[in-house]
Amino acid sequence: MVDFFGLYNYWIVIVLAMAGMYIVIARGNLIKKLVGLNVFQASVFVLYISFGKVSGGTAPILLKGVVTYSNPLPHVLILTAIVVGVATTALGLALVVRIRREYGTIEEDDIHSQDGHT
Amino acid sequence: MREYLILRVITKLLFPFILLFALYVQFHGDFGPGGGFQAGVIFAASFILYSMVFGVRSAQHVLPVGILRAGIAGGLLLYALVGVVDLLLGANYLDYSPMSAEAKVGQHLGIFLVELGVGITVASVMMTMFFTFATWRED
Amino acid sequence: MLREHLPVLVIIIPLIAAPLCILFRGRDQAFGIALLATWGSFACSAVIAAKVMASGTLSYELGGWPPPIGIELRIDALNALILLIVSGIGSVVAPYARNSLLLEYVEDRSYMFYCAFLLCLCGLMGVAVTGDAFNLFVFLEISSLSSYVLIALGFDRRALTASYQYLIMGTIGATFIVISIGLLYQATGTLNMADIAQRLPEHGYDRTVIAAFAFLVIGVALKMALFPLHQWLPNAYSYAPSTVSAFLAATATKVSVYILLRFLFTVFGVQFSFDILPTAVPLTILAILAMFIPSIVACFEHNVKKVLAYSSVAQIGYMVLGIGFVTMTGLTAGILHLFNHALMKGALFLVLGAVFYRIGSCNIDRMAGLARTMPWTMAAFVGGGLSLIGIPMTAGFISKWYLIQAAIEKGWWHIAVLIVASSLIAVIYIWRVIESAYFREPPEDLQNVKEAPLSLLIPAWILVFGNVYFGIETSLPVSMAELAARSLLGAN
Amino acid sequence: MHHQIYIGLAIILPLLGTVMIWMSGSRPNQREVVTVITSGLTFLCVLQLLPEVLAGHQPELHVTELLPGLEISFKVEPLGMLFALIASFLWIITSFYAIGYMRGHHEPNQTRFYMCFAIAISSALAIAFSGNMFTLFIAYEVLTLSTYPLVTHSQTDEARRAGRVYLGILMSTSIGLLMVGIIWTWAAAGTLDFTPGGILKGKIDDGLVIVLLFLYMYGIGKAALMPIHRWLPAAMVAPTPVSALLHAVAVVKAGVFTVLKVIIYIFGADFLTETGASIWLMYVAGATVLLASLVALTKDNLKARLAYSTVSQLAYIVLAGALATSHSLVGGAMHIAMHAFGKITLFFCAGAIMVASHKTEISQMRGLGWRMPFTFAAFLIGALSVIGLPPLGGSWSKWYIALGAADADQLVFIAVLMISSLLNIAYLIPVFARGFFGPREEEEAQMAGSHEDHGDHGDHGDHAGDHDTATHDAHDASDAGKRIAEAPMLCVVPLWITALGCVALFVYSDWLYAMLSPIVK
């Protein structure tokens, strides 16, 4: 039981990932899809930060008298991943804006039906 | 937003401090938490806040599209060229040690310049993104 | 003096050129910069390839930090071959782009196109040189993000939805890859791929590693459009501008296949990937489905670009099939096809770009009788098409020859027959186009079409010539592919 | 050394000719002169190699090596020499004939026609001279591709449909079966060189030989073994010179030539008879001989009838190969030559009739012989040669094949040969007979003029659509009266040359036998 809840952050990761994936798949609204994508990516950020944590360690800044630090590398990695995520989101939103201008809608079904008839 | 006086005053008050904090995060990044990414975003946040309150037009007076675009390119170029300088100095790419007589100073200088490049690019990109979306006209 | 820095030069040349394009905004300046950058990195790649073939794996420590602390650039025969493909296609496409309709469409912002193009090139080359798993992800995303932009430049509004769909699928794939890399890091405490490979057997193949493996294979399969995860590809390639389709079809999926190869064989190791886990079976089954179903769909498409896009999905099947054999010959075949498919698909898409330039459509009915008005263009199409089918004396034949031989070596007769049967489907969809262009009367309004300009024809013909040349003089790709296959199989 | 040059020249000259034809596309006279000169020079080149081969040498030419052990090389041996001689000699004749035919018929796209023709000949020569199976395969594919534009020459929907059948069958069998067979052979034997005695002996399980033989025999679609013969009748939509040279000589003979090559130099005749793997092939070939003859009987269209006759005659050669005795193999090889001259004559006649009178159906040719006596006389000679009556060439090859069947103790195939000869008579002689012994034109005109009379013209009934044209032509004919109205000289002279060739082949067959006998040693 302790093991089960002791790893709660991984459970959060799984829940976030599943929720995000579900939104991406199930929602027809292009913006909501992007939101889902962000939730999904957020789960990965949590995952990385989780395993960067060393139990009992502090923030990885050199201080006198502290021996145990958390691993800084995953933080740096995930910072990069966040930047990638931001870029993806921005690009996705830009596409959505242009799609709305061309189609007048951001609902996937409407877009498909329009393309089907043109 | 012209009628929200409190917002306008607070924004004006906060604006220089945010910028200052951004610069601190930028240049203290090689000793403490911080660095180009974070600083760039904070820097951009100040302008985004400003333009939300005072309008995009007035923000763009200070930072027109051309400057931002040059910032995007220039920051990246700065980063890349630091590496090239290292190459020319005979070291590996992004090995800053030979940039000064003493290896440690060289490392400092190199990381400083690289982070500066990153900061400029990130700030410019964030602002460009905001301005682009904010000024998008349906036509 | 710069010779030992070549591994990094191939990526920083386009990386520096990209912002330069933005700073010098003129159309001609941007074009000049892009041209110099692509040709420069191609020259570097060629020298690297020669060095690798002569003296083995090259290693470069970025920032002077030795691995596994620093990022290592590591180039063996496989990487060198991928570098050659990517930079070679880039060098052909860059001058082609100047006169294509694309630049007229984006008008005064053509420098933006070149910037995105160079970043995409930089990302793809970066994937091919880096020896660091996370760095690989970053470069992959650089290339993916810029390719979303490039695809969205298409003339049709469907390019936007195609790009969006690609963005969603591609990001999910990339995120899966990050998860996998994270789990691997958790298991081994290192990000250097060679180092991971060394430490994994000591660590043991526990659930973390298996999960990492699963995430990686699915993520890469999404990125390389392995059937049935290919839905993004046909639309993306058919609505993107032809220049972009040519570039991406010839390079992007190839780089993803490289990632699959690198992780399955080097990082996880042959023993884990294929002995402990039964990866070969699903890969082979999916590959065979990929060889057939998209090909059959292609036979019923009217947009020739879409035909080629579906055919690309089918060709990925061949490469994965080669991988699934897990033999020397099979891997050689897969890697060879990587190279040869880049040549043929690049050529065909460039030809379609020239067609589109003159008649504004790639519809098979609009292309009727085109051989009369655009003989050189359609002759190039025939050249590329024959290679795609796998007619002897073309590059496509060589890879199929190896593939069938690999199947026979394993005693998998049925698969050899299936390979052949699927190339017959290729005959059908290519022949539909040729028949329309050569043996039908052109539509009324297209009687007086002019031949495409030389600036479009020459790049297309260079690639067609490449198809023939590498179909006859096979020593370069074959020796590189064999060397790569040997090092992949011997790495465990 | 200089013999290598002739091998290369023989293959390259037609290609150079192609370029020249293309460049002189807008000047018909120049174009045709180029064609004729090229064909003449090519024949001379081939002829230069003949003394070497007769002296027992086998000149070789190595071009390039694609993969280790997989090279493009040429080697001239007697079988290939024979095929090359036939193809290049008949090309000259066909060139003249084609000029007469194409002009007489006012065909469009003549430049493309001559270009593709030259490429086809080049690849046929490459097939003849190829030194290994791989080279042969490449040339085989080029031949398929280069003849496709000739089949669809008229660009009508019908031609395109026929072209699809043509290309579909030939490509799918060659890539789908032949290529697999070749790769298998390579994997098993490590070489693809044509070696006397075969390369497969001991390299492959006896049980699998049948499978491999199946891959080869059905992979070589050009041999038109039933049931993959459909492409050959389909190809008859092409202009007649194409049907004559390519679909009676070059393409189909390339098919059976490949069959013989594979049996002699890949499997090895002894190996086949030891394992008994070719027995099924004998029966398939025998069945094809008879069935195709029967189908030919039902065809009213002259070219279609000749096409099915070709299918049947090709199966003779495959049968000869399957018997794999020394007599049958030589007989099969001789039949390549005999049938080539006989059938090209028949096709030339069909084309001449079409040019002179626009008639394609046999039922319309009643009494036509009086107007075209030379053509019909030549037709008789060709027909008798195909049937196999002395003093015409066809008799010798049938004789040797029958001898081979006796050697192999497969007497049933002697019966097959005899029945098929009877069937040949049944479907070829009526064409001639109708030309001379039917009612004269005036009567025909009267009969055709009254529509209700068509029913009793035998096989005329199932061509309802032909009535109008028949009527129309008949009126033309009655206008022309009884005058002799032959096809252009350029059509008639070539067909007499080939008809005389049938006679010459009878007389000089011992020479042919001497040249071919080394292949079974």
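Per-chain numbering from 1; labels A, B, C and D assigned in written order.
As a working rule, a contact is a pair of C-beta atoms (placed from the backbone, for glycine too) under 8 Å apart; a residue touches a chain by one contact, two chains touch by 3 or more.
Nothing here was measured: the structure is a model prediction, and the numbers come from that model.
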| item | value |
| --- | --- |
| Steps in the shortest chain-to-chain touch route ending at chain D and beginning at chain A | 2 |
| Chain pair with the higher count of C-beta pairs in contact (B-C, A-C) | A-C |
| Whole-Å separation of chain centres (CA-atom averages), chain A against chain C | 28 |
| Whole-Å gap between the CA centroids of chain B and chain C | 35 |
| Centre-to-centre distance between chain D and chain B (centres being mean Cα positions), rounded to whole Å | 79 |
| Whole-Å gap between the CA centroids of chain A and chain B | 24 |
| Set of chain C residues in contact with two or more other chains | none |
| Touching pairs - complete list by chain label | A-B, A-C, B-C, C-D |
| Footprint of chain C on chain D - complex, ascending | 64, 66-67, 70, 134, 137-138, 141, 145, 149, 152, 155, 159-160, 163-164, 167, 171-172, 175-177, 179-180, 183-184, 186-187 |
| Chain C - residues contacting chain D, complex | 389-393, 398, 401, 404-405, 408-409, 416-417, 420-421, 423-424, 427, 431, 435, 438-441, 471-474, 478 |
| Chain C residues within the chain B interface of the complex | 1-2, 5, 8, 12, 15-16, 18-20, 22-23, 60-65 |
| In the complex, chain A residues that touch chain B | 59, 61, 79, 83, 90, 93-94, 97, 101 |
| Partner chain A, residues of chain B touching it in the complex | 32-33, 37, 122, 129, 132-133, 136, 138-139 |
